[in-house]
Amino acid sequence: MAQGIVAVGGNILENAQFSDPATGTFCVRTGFETVEEDLGAVRRALSQELVSFSPTLAIRPEDCRRRAIVMVSKLDHCLVDLLYRLRMGELPIEVPLVVSNHTDLREVARREGVEFEHVPVTPDTKPAAEAKLLDLVKAYRADFVILARYMQVLSDDLCRQMPGRIINIHHSFLPGFKGARPYHQAYQRGVKLIGATAHYVTADLDEGPIIEQDVVRVGHGQSVDDLVILGRDVERVVLARAVALHAEERVMLAGPRTIVFRP
Amino acid sequence: MAQGIVAVGGNILENAQFSDPATGTFCVRTGFETVEEDLGAVRRALSQELVSFSPTLAIRPEDCRRRAIVMVSKLDHCLVDLLYRLRMGELPIEVPLVVSNHTDLREVARREGVEFEHVPVTPDTKPAAEAKLLDLVKAYRADFVILARYMQVLSDDLCRQMPGRIINIHHSFLPGFKGARPYHQAYQRGVKLIGATAHYVTADLDEGPIIEQDVVRVGHGQSVDDLVILGRDVERVVLARAVALHAEERVMLAGPRTIVFRP
Amino acid sequence: MAQGIVAVGGNILENAQFSDPATGTFCVRTGFETVEEDLGAVRRALSQELVSFSPTLAIRPEDCRRRAIVMVSKLDHCLVDLLYRLRMGELPIEVPLVVSNHTDLREVARREGVEFEHVPVTPDTKPAAEAKLLDLVKAYRADFVILARYMQVLSDDLCRQMPGRIINIHHSFLPGFKGARPYHQAYQRGVKLIGATAHYVTADLDEGPIIEQDVVRVGHGQSVDDLVILGRDVERVVLARAVALHAEERVMLAGPRTIVFRP
Amino acid sequence: MAQGIVAVGGNILENAQFSDPATGTFCVRTGFETVEEDLGAVRRALSQELVSFSPTLAIRPEDCRRRAIVMVSKLDHCLVDLLYRLRMGELPIEVPLVVSNHTDLREVARREGVEFEHVPVTPDTKPAAEAKLLDLVKAYRADFVILARYMQVLSDDLCRQMPGRIINIHHSFLPGFKGARPYHQAYQRGVKLIGATAHYVTADLDEGPIIEQDVVRVGHGQSVDDLVILGRDVERVVLARAVALHAEERVMLAGPRTIVFRP
């Protein structure tokens, strides 16, 4: 890669490489500066150098931020948090649109100047709703989708069309409590730590590659409602971290696992 | 309880109470000093006061430490750690005996002046081996048993004979990875945190009431062997904490969960 | 205490006691239910029983929430967080008023339906501003004051008038980096963890009794700006936890330290 | 660097680079395999390529482990832990010698087959003792020195002779409690977390570049002795992590801070 970068008058600022022994995937993330202003020329130089490896190549000017559509249902804590971080300049992304199967959070989006689209979902309309979502992804030139406590399961078909491009926050420490009402499960099991997991969505529910996880300590005196409240804090932080890692191209897929080049 | 304590000239130093809403169990832990030197008299005074509640009552002079038999197989890190802590005065218990289905760790026990008993286990001899264990519990007046990476599953029958008196350390963050080789499972799933769980042993494998848990962060660059090494640190600390909590009567059972009065 | 509670037909639900060896302070926190509806009668019964101990006695019906005035300057993350938690029912307090030495956050308060008072502070007007604050505390029947990144140092005099009733969030892991710009200090020192500390305000700046602290891991690749962003997450959570602990009377003063009865 | 590696028939397996904005230091760590068996030839190829940068170059065959002398006084928990990890293959170093200003830990070293040298230190004999230490470093071809709770302050002169080659474990979360008896200071201040810090030793006591830190939660009910016990666990783990990071050349100096390429 160094040769291609040199060929366009470039200079490496930062670099991380990892060869995954389990899958043989070789991952590289390089930050470089160059006098070449034509992104196409840079891409050609790198492609030419690396042609024998048939790499998956993603090149992005640093100031050209990844664009995300955020999907929600009725719970607002993750959306509120993401929009607040955007306003504070904490997240290197653009969010042009919030999509929901309900209308409850319309005002939350509007208040921050983000468009809102209501796409209701019933068993009958699900295919149409997902087609609509794909249209919106195109129309808004979205690079990825964030499921910020979106309470609908996506179809296998949709998952396959956007591999590694849909991030979900699951409200448990996977693989601990899959499926519905994980905080109830955690309470009943009497665990001493609860957590949250941000992962890429795949056709296999709650089994997609994990990007980030964290936990918080709980005690016997805390009710299910207390766990829900404590869990919100972890969900927010884990989702925001995963989105930032993804948006800075720090996450790469190696089979069922992720390679994460932390800052 | 206060009345019974006053009746024997006692003075409460420390107290914690909790009423578990899920099971209706009312738990109290009281530290008190008294001029009454006859423990039987103290027990009678408290029993009399509390008779209408039919409580499970455990009374212990503070300097009369709980006695534990430690069971191991071939891995020594938990045993080495427990014995080191004993020598340093970190654990308020006595360990008169180490029992193992192998002979590898005989010297580890002996070096610290602890007796060692080899009780081999095969499918055929399992009932006899467990009967032998119960004999040793009696002979050594052991209050509880610590499974410090003991690699045999205890029979339902044995579990039922010692409810809340056998502590196991499981090398994963339960209920995440049950059964065998949890670090391999964790690696394959690509989790970002691995953990350990100390729990009471019940007939339902890996499902007993959890006493303590903790986790440590892992990354893509760490192999299964690295996870095993990192996991050892968590296992040691979690088991030692659980043993100390149990030995100081800080852990009480409320159905499938524990009430833990932390110091 | 049990006798006084029984005397008013009460029933203890929850209880925690601790005798601080360093100061000799004996702390008790009891949750009880009673048929007696006259709070004065309850107070008299308890006072009478405990008269020989001259206790500091605080009695509160559970549904009568503590009232707090929140003070801010220009940074909004702690205020936004507190108000969001209030709306979600996460914090057992009432916030009738936000006070600021600037007007920037007026809208943040108003949007959540909370009154806002601008009390500018200059070296000359400081005494008058603090007198105004005390008036507001009385007028709004505030039980305590939360300094949610309020950038003015309170006078010794004001601190002494409200001991244990003003909570500050300091943006470092005290006593690590006192004074101004702790994230710059943390960056320059190259620490691997940064933190936040919620403490009661005393005349001795950054030396008041600590209520709650937490930390987050940082690396060499993170700039001062990154530390500020990471620090915000810790500040928010630590302040919210401290406020909840205080509001539920879980924090008691024992000399320069706090006794915290965690849930 | 890639060119030099290619020039000796090499293949990069792993790579991490970082340019420190505060000092302008450019740090690279590369793992590569090569058919060239002559280390001198590899060094010449890399030196030649990088000559214009005048780099500090460290090249090591992976199976040629760094050698460390461990220095202790009377406390054995860090030494016991390091030697246990060595036996388990957890630490990629060799420890040919333990040096102490006391004789208490002679048996601990001997039991693990490590030589032990008693080098007493008094104000009068300190220069001679330090000269002796430097002789031992040479004689045992030690790459670095580990102060595993060694209770003597090294002279400025010695510190300057081994920059970045002496690792100390300080039993507090620096810069929180410097100097003596940090657990007593922590208890008196009433902090809610205590920690440990591994750092390179410089002439400026407790101010050397930090390699690793961690903390553990404490409560009001824990005495100074309890903090000491809890602290031991953190000290052990933090020191072991720092030693492993250093031994794998993952730590580089950039002024008063370290760059740490985590695995």
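Just so it is clear, A, B, C and D label the chains in written order, and each chain counts residues from 1 on its own.
Definition applied: a residue touches a chain if its C-beta (ideal position, glycine included) is under 8 Å from a C-beta of that chain, and two chains touch if they have at least 3 such contacts.
This one's a predicted model, so the numbers in the text were calculated from it and none came from an experiment.
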| Selected interface, B-C versus A-C, where C-beta contact pairs are more numerous | A-C
| Per Cα centroids, the chain farthest from subunit B | A
| Where the CA atoms of subunit B average out and where those of subunit C average out, how many Å apart are those spots? | 38
| subunit C: positions in contact with at least two other chains | 18, 219, 221, 262
| said: If we count contacts the way the header does, which residues on subunit C are in touch with subunit D in the complex? | reply: 18, 20-22, 173-177, 187-193, 195, 209-215, 219-221, 223, 254, 256-260, 262
| Where on subunit D does subunit B make contact in their complex? | 77, 80, 84, 88, 90, 219, 221-222, 226, 229, 232-233, 237, 262-263
| Contact residues on subunit B for subunit C in the complex? | 2, 12-19, 262
